[in-house]
Each structure stands twice: as structure tokens, then as C-alpha cells.
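What follows is subunit A paired twice: with subunit B in the first complex and subunit C in the second.
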Partner chain A sequence: MKLGIIKEVFKNVFTKPMTLLFPFERLEIPERNRGEHSFDIDTCISCGACARICPNLALEMIEAPPEMKEKYPKTYPQIDIGKCCFCGLCEDTCPKGSIKLTTNVFLATFDKDDTVRSPMSWNK
Partner chain B sequence: MTKINEQKVNSDFAMNFGPAHPGSGNFAIKVEMRGERVLKATADPGYLHRGFEKLMEYREPMQNSVLSDRVCVLEPLQWNLVHAEAVDYLMGYEIPERAKYIRVILAELSRIQSHFIWYAVLSLGTGFMTGFNISIGYRDYILDVLNLITGGRVYPAGYICPGGIRKDFPEKAENKILELLPKIDYMRKFMLKENPAWLSRFKEIGVLTKEEAIKFGATGPVLRGSGVAADVRRDDPYEIYDELEFDIPVMDEGDALARFNVGVQEIEESMKIITQAIERLPKGEVRTPTLKPIVKFQNAKGEIYIRNELSRGEGAFYMVATGQKTPYRVKIRGPSFTHMIPIVEHLLTGVDYADVPAIYWSLYQCPADVDR
Partner chain C sequence: MVEKTFRSRFRTEVDGSDAPPGADHHIFIGPQHPWAEEPAHFIIHLKGERVVEADIRIGFNFRGMEKAMEARTWRQNTMLVPRACGICSAVHQNVYVRVVDRLAGVEDQISERARLIRMFSLEAERIHSHMLWYGILAHDAGFDTMLHISWRDREIIMDIVEDFSGNRVNPSLMLPGGVKRDISKEKADKAKPLLGELTKKVEYHKKVFVEEASIRNRLEDVGVLSKDDAKKTSPNGPTGRASGLPFDIRKSYPYELYDELDWKLVYYTEGDVLATTLVRIDETLESLQMCKQILDKLETSKGEILARVRPRIPAGEYMTRGEAPRGEDIHYGIANGTDKPERYKIRAPSLGNIDATLKRMDGEYIADMPVILRSYDPCFSCTNRVMIVNDTTGEKMIIGQDEFAQKAIKAKKYNRPFF
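Coming up: the complex of A and B.
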């Protein structure tokens, strides 16, 4: 019985710990992970399917500001990440693949307004 | 159980177990005490009510699928499955064979990780921190694989959806699941033998007899721990369970240890199911009719009551469709309700206070699913 404990101790000295030292090592995030959205305004056809399927009403179709109206005459989705539940239905429903959920999961912010991403300034 | 004099004495007092107790999880029990003895226990649920049944009447089935995750935090994939089956029936969907296998594999993985949580809260509640840490650690290996497949660690966001599943397995997912099995097995053995002093604490406390278990409507490991061999996977098979070989663990003692041991043995059975399902996993489509997340619920009419064996017991959905875009009525039957209100009140009467956490956690509760 006692020897068993010593064996266990030696085994544990040489095995890798179960935890990671976070900022220096990190877990690989799989490609399918549902994190922050990316949006490509140039492929969007303004069909509004994403806003209709969103269960949390996080997407809203808005118009472009006047100076960009010429280039983008229709309505485009604006997202409020604070309302989103990261279900990925918008990604699945988009006919053009303009909205995609990415592997970025670091979304904490100090300012509530930072959660809203307008279609013009949304990262691609 | 000793008989207690009903008359109040001056030293009697009442106290609350929960809802802010670490691990009681948004659920409270008011216990009336005489010294160290519990005179009466009253369950006090309602701290986590989110109104899913009503919410589901205002959302389309695909959106409800996302919502059905949250009925119970610890077994979201299984709730996904029950909800999806209800809509499948009303819509008359034929589920592709591959999707059925994947549904079962994921439901069983979810069952295993839920049983790990059971061990974790049981140890946390009774002061065995090593058990809590190691079990949460090993659960994480399963969550990593779930993240790879569904895109979310805890919440799959309706991965098992009406018509099949939302996306096919990613590359090498089968291998990743098979690589998990030795780790799960290590943890299972740990749960069986560690540690003897702590395990003996659960012997002969909270005894629920066979008759009582049936009378109070217990299901799942709680019922099987009292000597009744009932399992929806066997009695009323759904998906592909009738093609698979597995046993239903039953124990006759009815005490806290028996309930827990049934859970540990179920992990082994779940591993068998996963191995068989992966071996036979066919190729092909995973979703009818399209991969778009749209269900034309206007075409559905009728009502259905579908039940499944979740990790905690029997979970069911009752759904009525009247030709609208959204369900007319949804009723959810959660397994924890009967365990947490009548059974916990019955078992806690007359026990020592020190046994309250042990009995409470041995009932494998989920406050989220009591309140819904």
C-alpha cells in the first residue's frame, strides 16, 4: 500500500500538469468555435435573413451613413454583441457567407457601447 | 429514522440551506431543526425561473432549439435531442441514419460529463476537494471534444436540431472521441475507489425504498438505485438505442451510495454505446431537408409527448402545433422536479444535519431544470 503511494508520487512528478499557464500557453481553439462575428459588407446582399432568424434580436438592419450612401445604398446588419448568445444561426442562414463566427473569444469590455458593431466598421 | 415528538420546544429553530450555498445552486431548502436533528424540510425552488415554456411559444423551432440547451446547464445536448425529436415528429421528418448515430454519440458523451459533475458536486458538498478538482478536470477533456464538434464547450446552441444535426463531424472527430475513452475510464475507476472513508459516508443514509421511489415518481439513477430496472432507452427506444448492446445498472439498497454507484456504472455502459456507435457510424447526409436553419412549422399540425432518458432521469417535451409558425403550447417535464421537491422533503425528515448535503447531492439535482 505504502509503495503504491510512492509510485503515484513519482508518476505525477514526471507527467504534464492538467492546467496551462494561461497567458504563456493557451488551449488551441477549434475552427468551429462560435466566437466574435466577422462581417464582409461587400458580399452582403441585404436580404435581412440574418436579422430575421436571430433569436435574441441582436442584429438590426441599418442604413449606411450619408457619406457612404453612394457605395452602400441598401440596409446592412448591425450587431449588438451584448445581446448575442453565439448560436451561429446567422452564419448558417446567410446565403452569401458574409457573416461568420470566428475563434476570437476575448470580448470583455469596460464600455457598454463597445459591444455594438456597425456594418461599416465591423472587422472582416 | 427515529420518531420525533411533534410538539415544539424552545430550542427549535429554522434555517435555510441555500440558495447561496456553494453547490446548492439556486435552490433552497428550509430546514426546521431540533438540535442536530432535522424535524421538517421544505423545498423552496423558484430562484432560476426563466419561463422557457412561454418563451418557446413565441419563437420558431430552430430558435427554440438554441433555447432548449439552457433547460439544464449540465446536459444541454440531451435536451436538444428531446426538443428536436418532438419537432421531427410533428413535421414528419425522416432523420438520416448518420445523424441518428451522431445524436446518440453526443447524448452519451453528455451523459458522461454530467455524471462527472455529479461526482464533483457530491465531493464539493461533503468536503472532498480532491474529488471535485479531478472530476472537473477530466470533464474538461470531454468539453474540448464537444467544442471541436459543436463549436461551444458547454452550450452546443442547438447542435442537435430538428431534421438531424446542424453540421457533420469535423475531420478526425471520431478519433478524438476514441482517444477520450481511456481518460474517462481512468476517472470512472477513480470514482469507484476514491476514497473509501468518504464513500462510506453515503452508506445507509437517505434510503428510498422501491415503493416510495415509484410513489414519488422518481426516474433515472434515483429510481434504479432503489431497485427498479426502468430506462427509457430500453423501455421505449428512440434513435438507434434498440440496435445497441448495453446493460441497465440497478442496485437494490436505495441509499445514497447505491444511487451514486448506479451513476458510475452507467458511465461504463455509455462508453460501450459510444464505441459501438462509432464502429458502425455510416456515411451520408446529416440533415433533412436542407442545411439551412429553417423549419416550416406552418405545415405541422397535431400534438406529441416525447420522452428520453437524460442523465438525471426521464425528460420529456409536450408540444402542440396548430399551423402557426411557432408552437401553440410547450410543456417540459424535467427529471429533477420530483427528485427535488417530494423526495428531498421526504428523505431529509428526521436525519442528522450533517447528512443533509450528502443526501441532497446524491439525488443528482439540477435546479435549472426544476424551475425551467
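Coming up: the complex of A and C.
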């Protein structure tokens, strides 16, 4: 085995690189990935379980803006992605399955305020 | 003589006034140093090129996690505890949920399937932690090819963990009462051939470490910790098993379903750095075959994966431990009948291995320091729970944990600064 590790080096010279050219090709993210949340406001029953269980207090129950108050009279969760630790407890505790964690992991923003998602503007 | 040999090495004077006699140079490594990824301060007393004695100071990365746990509920802490350590997150979570299971009295309701999934998470973590470690060891020994090879192959197990749990290093699969997510048959079938492939690669890694002269000469007979010294300094985990102390919590005090699996305890008697490496590589192979057994057992096992646990935990206290990749992980929790813990204490494995590693350095060359310091898999993000606090006024202050807690409570009560 004098040449053992050298053989491995030569083998690697002729194989494809492990890395990918990111924006053009990307790895598939598994469906269980805990990424950005999706929220369905129509199924939400405003129980507040998600806000109570959140370890980082990233979720907060707020009221809908005045123009939408008629349609959505209760309080709904607003999330600060900057505080979230993506543990998925809100997803587990939601009785109606309104909150789900998706595979979107590209959450960097230029402005710190952009990390806050109001219940109306969450993606569905 | 006894006093001199086993004086506490966690304490040393800044001006070097308590340096051992005969030392003519003192080398300070850390807290910020290219060798170390994590902050620890090593003081190495030298005579010529040989080490006379070494000291350590830790506590640069204290995060107040135990205090933070008292402000959160038991359920929320399930997601805080794995953050104690960057690599061994599942084992911290496992020991924590076992404490909560016992305190809540649901220990016998946890199904076989949930226990098997917990064990898979633990063993997968042991595989990727050990592979990471011997890659870094090779890097410290100046053998970067091995670093790249082992880290490349480590991606296989990382992909499996990510597929099962949704995250690479922080699977967070466990909850009090069971596990969060099931491992379906399709996922298990997808993982089995990958585990076989990884086994072949790890066998090749072992071959490199055993047969390749350049790495073997660097590690063999370096930093020998004899069995007698090991008994005195009481290392745990792979560090102890390399010195001929065949002690593994999984075998000695089986938890989950480790007594139902077929596996053997790995230990070596040489005590040098090569032995610690081989212990870990053999354990990786052992864990790989355990993972295969678990996936086979999962096909037939039935049961609910999550038992109901009430948020309020009845008053009581319980201590338990588990075998982390680095050694013995001890958790102790006190419940007071509310939904928050009264007190929670974590003893992370690296702390138990520091004394043995400092003993290992005596009489070695300074050039061998990187590999010896690496030999116990230092992980200070989880170790720094011992508080040796220097005051800002320049006055030196060493306080214990209880005193710190009292001070913190008083500072909060009377709204005044901590010191």
C-alpha cells in the first residue's frame, strides 16, 4: 500500500467535482427540510398555540389591518424570520395545519425589516 | 509527589508564577489560534523542546444556557438543548427527553418504533462526528488529502440524516414521549445501499490510517496515556477506551434498545493517538452495522411514534446519562410541578477528558501538540458550563455555579449589575 493514497489522488483528477455551480445547478432539498414557513390564513382558527410554543418568541398574534378587518376579525400570527430557529414546533402544534415549513431556505434580506412577515403577506 | 503530579490544571496564574520548576519557556495557545476552531486557552510549559506540564483555561464561550432553560417550558427546551453542541446535538436531545420521559412518567409508553428511530439518529450522529474528527486530525497532522477524502465521504451520512429529519447536523427528531417524524419504508430502502457504500469507504479510511507510513508515524507512540494514568485521570468515551478502559454507557448501562442490538464494544490498550483514532474508526464501522440493524428492525416494528405528555411535569428530580460521540453526557433536571424546569444541569463529555489530555502531553515534543490536543475531540461550545469568571475590574474572581446562580437571581431581583 505504498501508493495507496496517491492512487486516490489520481482517481480524483479524472472524476467530476463534488461542488456545483450554484445559481445554474442546485442540489435537491429534501421535502422534510425546515425552511421558510407557509401560512394559510383561511384555515387559521386564531388559537395562538403557535405563538405560545415558539421558543424564541418569533411568532406574535396581531390583528388584521382595518381594511381587512371585516373578513378577518380575529388575531393572526406574524412571524419574524430573523428570530426563528426553524425547530418546527409551530408546525407540530398547529391543530388545523395552517402553518407548514417549506423547503425555501433562501431567506437573506438586505433590510432587517423584511424579515417580518405579516399574516396577510405570508406565502401560501 | 502526588500533589505535584495531580494539582488542578484548570487554574494557573497569568504571570507564570506557579509554573512547574524546570520549565524555561511558556507557550500560550488560544483562545484565538489558527489551530483551534473553538476558544480554549492552553498554557504549555516547556524545557527546551519537551513539554514539562500543560495547563488549560476554559470559559470563553459561556452562553448561560442552563439559566435560559429555566425561562422556557419543557417542550420548548427540547429545541434549545440540542444547541448545546454543534456536532452532538442528537445525544443532548436524547438524554434530555429521557429525563423528561421519566419525570412525566411516560417512560413505559414509548413504543419500540420510536426508540429505534431515536437510536438511528444517535448512531448516525456518531458516524458523522467521528468521520469529521479523524478528518481534522489528519489535517492537524499535515495530511490534508485524508481530510478531503473523509469529509467527502461524510456527505453520504449527512444526506441520509437530512433526508430523514430535514436538517444536516441538527435533526431534532426527538420529543418527550417519542419522536417527531417517522422513517418510512421508502426512505429506509433508499438509505440501506448508501450505508453499505459508506462502510466500504470507512474501511478504506482505516486502511489508510493503519498502512500509510506518513500518517502512522505521526500518530504512533505519540501522547501515550497508560492504563494507570487513565484510571487516575478518568477519561470517558473513546479517550478512555483507547487506553484500555472498556467503558461505554451503551454497554454498561443500556438505554433505549441498545441491549437488543448485536454489537461489540471497541477498545484498544495502546493509549497513543493512533489508538484513539482507531477506536473511533472501528466505532464508526460498528455504528454503521447498527444503523443497518435498526433499519431492518424498523420494517417489522409497530406502534405510535409519539405518546402524549402533559405540559406540566410533576415535581421530582432525575439524572441520566448517554454515550455521546466524545464520551459521557450527563443531564440532571429538577421539576417543580409547573411547565418549566426548576433547575437543569448539563455535564458535557469534553470536560471529563481535559485532565487526561493534559496528562498525555507530559514529556512530549511541542511539535506533537496539535494532534494531542485534537485527540480528545475538543468541543468547548458544550463544555463551557464551568464558570471561572475574571472580573472586569482586573481583580480575579473564581466563582462556582451555585454562587453564580445566586448572584444572577439577586441581580435580577434588585435590578442591579451582576458584579
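Quick notes on this one:
Rule of thumb we're sticking to: the second predicted complex is superposed on the first by the 112 of 124 C-alpha atoms of A that agree within 3 Å, B and C clash if a C-alpha of one lies under 4 Å from a C-alpha of the other, contacts with A are read in each partner's own complex, and residues count from 1 in each chain.
Heads up, the rule we're going with is that a residue touches a chain if its C-beta (ideal position, glycine included) is under 8 Å from a C-beta of that chain, and two chains touch if they have at least 3 such contacts.
In this text, all values refer to a predicted model and were calculated from it rather than measured experimentally.
Once the two complexes are laid over each other on the shared chain, residue contacts for A:T75 go to neither subunit B nor subunit C. Of the two partner chains placed by superposition, subunit B and subunit C are both touched by A:M18. In the superposed model, A:T102 lies in contact with neither subunit B nor subunit C. In the superposition on chain A, A:T115 contacts neither subunit B nor subunit C. By the touch criterion stated above, A:S46 is placed in contact with neither subunit B nor subunit C. Contact with both subunit B and subunit C is seen for A:D92 once the two complexes are overlaid on the shared chain. Overlap of the subunit B and subunit C interfaces on subunit A: residues 18, 30, 32-34, 53, 55, 85-89, 92, 101. Residue ranges of subunit C in contact with subunit A, taken from their complex: 72-73, 75-77, 79-80, 83, 145-146, 149, 152, 155, 162-167, 172, 175, 180-181, 207-208, 211-212. Those residues of subunit A whose C-beta lies close enough to touch subunit C in the complex are 1, 4-5, 8-9, 18, 30, 32-34, 53-55, 85-89, 92, 101. Listed in rising order, the residues of subunit A touching subunit B in the complex are 18-19, 27, 29-34, 53, 55, 85-89, 92-93, 101. Within the complex formed with subunit A, the subunit B residues making contact are 59-60, 62-63, 66-67, 137, 140, 144, 147-152, 157-158, 166-167, 170, 291-294.
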